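Each structure below is given as structure tokens.
Two complexes are shown next, each including chain A; its partner changes from chain B in the first to chain C in the second.
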Partner chain A sequence: MTNRKLLEEARLWLIGIPVLLWTLIPIYHIFLFSISTKDSAFSGRLWPEHPTLRNFGTVFKQEHFYLHNFWNQIWNSLWIAVAVGAITLAIATGAAFAISRLKVRGGRTVMNAALFTYFIPAAFLAVPMYKAMGNYGLLNSRWSLVLAMVTIASPYAIWVLKQASDKLPWELDEAARIDGATPLQLFRLVYLPLMVPSLVAIFTYALLLAWNEYLYAFLLLSHENTIPLAVGLGHFLASDDSPWEILMATALIYGMPPAAIYYAFRRYMVGGLTAGAVKA
Partner chain B sequence: MHTLRAGSAWQTWGAILIAPYVFVFIGFVIYPVSYGLWLARNPESYQTLFEDPVFFPTVVNTIVFLLVAVNLKFVLALFLSGFFVHERRWIRWLSVIFIIPWAVPAIPTIFSIRFMLNPEWGVVNSLIFRLTGLDGPNWLTNPMLAMAMAVVVHIWKALPFWTLILVAGRLAIPRELYEAASVDGASRWQKFKYVTWPSLKTLYLTSTLLSLIWTLGDFNSVYLLTGGQPADKTHVLATLGIRYIRLDQLDHAMATIVVALPFVLPLVYFMMKRLSGDEQKTS
Partner chain C sequence: MASVAFSRVEKSFGHTKVLHGISLEIADGEFMVLVGPSGCGKSTLLRMLAGLEEISGGEIAIDGRVVNDLDSKDRDIAMVFQSYALYPHMTVAENMGFSLRLRNDSKARIEDRVAHAARILNLGHFLKRYPRELSGGQRQRVAMGRAIVRDPKVFLFDEPLSNLDAKLRVAMRAEIKALHQRLKTTTVYVTHDQVEAMTMADRIAVMNDGRIEQLGRPLELYDRPANLFVAQFIGSPAMNVFDGVYRNGAVEALGARWPCNARANEGQSVKYGIRPVHFDLAFDQTAGIETEVVVVEPMGAETELVVRIGDQSLTVVTHGRSSAGPGDKLSLAPSAKHAHLFDAASGLRL
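Our next item is the complex of A and B:
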């Protein structure tokens, strides 16, 4: 019996260790390069002989050709991500409230339209979106990326918020009505406070989606002053002899905030994520 | 519920609150898509598209990429979900680490893998050289290998998400079923076959279909790894459409996407029906 248990434990470790390595190797590789000097980066060691933070200094002081606009790009990334988070949240909260609690006429059609957008691959929508932004005269303005990302983030946001909202008891609405509350009072005093966890999840979702986006960013923005850090990182690939150690340091700086935010709000994310993605 | 629906003030506020999304949908979905379809109305753009020597290899790449990446990913996710449901403290910690690829942006990690695969300085070939004394393969300049690596990148990034979905599905299966199976002396395989799979089947298939649509739109795994190189031999439809935009051939870009629609739209329709079907059940 204990033998069998031991065997079972061994089997689990035999799966767990490869999973751990598979997950962490590409990430450790980034970290390793970012603390290596140019010469030692390729030595193939698991830990550099002289670990250094100089690469980060180079990035922060914008001392490399590819990094002349580093702070500007990180500001653009932040600006765009916060704008997308806030606008998506506002739009989706209103829509979900109207569909779920006010039972607005045509709400079902709007929900279906949103779901349709959710299921269409974003890379496919990118082509007509690019043309439309050109027609609107928004290309190279940060607003083009903000509006595109709001379009992509809203459907899932509305879906998740509507699911959460449907679960609130109807007696609340009825009680509020009998007390003579207006729809806005119901929205502000009853609906919003009860929805806080879902609202946090949706804001985080939209924020991360926008910060992480590459395809739309590089299609819609090419002007040196408007590009976010994601596009700036892509520029490193322009030449074959890119300074990998500096690229990896920049990539680490770029990747840390979303990872930190994700883990900070994981409690909210996982519930919404599983509920919205595929209902069993 | 129906009494609540009446009252024109409520309908008016409903209309006001839903209007912003309706504007976004009209301005950034309806208008672009209709305009794009209008751009792609010309049969000539399809003719020149089909004559582009890059096009058919791209279609083949896309189909192979989809079939291999999605199925391999789901078999792995099904297997690993069985691992992650075990109640051990270290497995819970591992599941927190396991989600990293999905939680971090695509660029840093895909670039990292790209560097690892560099034939001259990359850590993979250095390792191969040190262990065997032989030069490793040109991972990213051989089109077949490069596509295989794109599959690896895609799976590395997307596997955690789908594993978690299947873990949630497995956790919803009543424990008593397994206990009863144990009493009957069922083997591990029999438990999977008679308890797990019947309960998980629908979720597995729906997830596979959804993943099929999204994998079709996976631009990053291919573009950031190979950029379509060498010689535009590693494109998929998603990257090919973007390539035509960069070449300023918008009608070709649209045509590329229209070509995929007969495949995408039925899947989208199926998924929408499934989701609204669920809704009717719950409400």
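Our next item is the complex of A and C:
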């Protein structure tokens, strides 16, 4: 190895190691808390004297004041995330197909509008959204959060899927048209199968966005039985003496599904989300 | 099977007119080749027949029925694309049977038709494979299979061999021709390769700049090109053409007299055209026109020579081997009956 290469390698490590620590230390902290007993949680040790899994038992059996609705809330999280993923996917796929493959009139305008929504931070829209959901009588219904998250996720999803669609060879559509395919058959039999990687990526993106959402969930849902776990976790901080070890155990459980989903679909995530990033 | 008729067909993209009133009749069972340089409008014309491009003016009829406003799928045509356009997620059999599946044919019938096409094209072993597992030539055959399976009125080919290497191209050329002789389906074939056009066509339409320059059988175009464009486009190596003046039954050009059987007005400015194969050689320099050899390209069966006379380079093809080397003097005797004369101003044949 030449000196130059060695230097290059060293520089990468120099950047890589701090980034790795930066990422892992908080997660390690969560883990540490979750296997500690209440008194040893703040001992400052790197490994608890008496590691325990009792905190997880407490969570699963809903044996704490803040956890009386744990299963209910995690179910809400899941329900909302899957609904957002599915609806966003349906909307974005339809839009991308219509704009990219059927070349419908006004497609460009829709794309520009989608891009424009990025100039407005989601937090700015929180109050108007609250008002709108109130007008529709949806406050405190899981649907209010689903609709809000679909609204936020769709523009990006349309954008990414449109770019990915543009990469499919145009001749395939023409061949299918000559073979006698109607637009719907083209969509179902040719377009969808070829778009699977991007569709998985977008579904995952929307699902995780909804799963991780706090602000809108906190705003639109307030009943113990309708809130997702993200908001439920926030409630822990309401008391002066928060049960940190249980909060962290819950957080660790809450963080598992996204990690699993990301791991399962990582191939699609990288390929699918960057598909539209640069023009090949 | 069916006839195809274009009458005064026009195409514009925005304000740019790319086809200027094309009229062309293709007979039932005929193999028609549209040939021309890129951008001449040949592919556009084919795509209009396929229903993939709007028709800006005029009419296109298949079997006497005007199809201007018909969808592609209702025109009963099949098309083979340059990029093959095979569905990557379907096996060879599914690719070939896709059109039948779309029109709800029974499974047994689809299998039957696919097997039949696979037999014709020697694809029997590949039916379960995916396009990515096939070579270029095999993919092209699958694309053809997809067309055959439908038993359409007209086959359309859009530069189907351009993505193949030279050797495969020659083989596929023969295959497509044999296929046509077997199926006798009316075929419209677009290519920019004049060799493909010459070897495959019943008739050729040479196109340039959105117009048909000449329509005729391959050898007709070769022997009697209607104008300079066709003369220089058809034939390989290309015809030698240079300026001259017609006097006393021959053309005075490049300081020599070039014999010709064609007639022009005395003193008329003409272009003299002669194909590389239509020279007789003599090394003794007494008869014929004296030139200097610049490049010698032995091809085995024949030898291609580039010779110079004044500032003009000419290509000469001789049968067999040539002992000439660069710098040698070479005396050329052009064959008068094979010489072509074109009007210098209009480029039309005299």
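Basically, the second predicted complex is superposed on the first by the 252 of 280 C-alpha atoms of A that agree within 3 Å, B and C clash if a C-alpha of one lies under 4 Å from a C-alpha of the other, contacts with A are read in each partner's own complex, and residues count from 1 in each chain.
Rule of thumb we're sticking to: contacts are C-beta pairs under 8 Å (C-beta built on N, C-alpha and C of every residue); 3 or more make two chains touch, one makes a residue touch a chain.
Everything numeric in this text was worked out from a predicted model, so none of it was measured.
Asks: On chain A, which partner touches more residues: chain B or chain C?
Replies: Touching more residues of chain A than the other partner does is B.
Asks: A:174 contacts which: chain B (first), chain C (second), both, neither?
Replies: Both partners.
Asks: Touch test for A:193: chain B only (first), chain C only (second), both, or neither?
Replies: Second partner only, chain C.
Asks: In the overlaid three-chain picture, which partner chain does A:185 touch, first (chain B) or second (chain C), both, or neither?
Replies: The answer is second: A:185 touches chain C but not chain B.
Asks: Quick one: is A:48 in contact with chain B, with chain C, with both, or with neither? Answer first, second, both or neither.
Replies: It touches nothing on chain B or chain C.
Asks: For chain A, which residues lie in the overlap of the chain B contacts and the chain C contacts?
Replies: 174, 177
Asks: In the complex of these two chains, what residues of chain A are touching chain B?
Replies: Listed in rising order, the residues are 12, 15-16, 19-20, 22-27, 29-30, 33, 42, 44, 90-92, 94-95, 97-99, 102-107, 110, 112-117, 119-132, 135, 147-148, 150-151, 154, 158-159, 166, 170, 173-174, 177, 182-184, 187, 211-212, 214-215, 219, 230, 233-234, 236-237, 244, 247-248, 251-252, 254-255, 258-259, 262-263, 266, 270, 273-274, 277-280.
Asks: Any idea which chain C residues touch chain A in the complex?
Replies: It is residues 50-52, 71-73, 77-79, 81, 83, 85-89, 98-99, 102-103, 146, 150 of chain C that touch chain A.
Asks: Quick check: in the complex, which residue numbers of chain B touch chain A?
Replies: Touching chain A from chain B are residues 1, 4-5, 9-11, 13-15, 17-18, 20-22, 24-25, 27-29, 31-33, 35-36, 39, 80, 83, 86, 88, 90-91, 94, 96-98, 100-101, 103-109, 111-113, 115-116, 121, 123, 126-127, 130, 156, 160-161, 164-165, 168-169, 172, 202-203, 206-207, 210, 213-214, 216-220, 223-224, 227, 238-239, 241-242, 245, 250, 253-254, 256-257, 260, 264, 267-268, 271-272, 275-276, 278, 282-283.
Asks: Contact residues on chain A for chain C in the complex?
Replies: For this pair, the touching residues of chain A are 169, 171-172, 174-181, 185, 189-190, 193-194.
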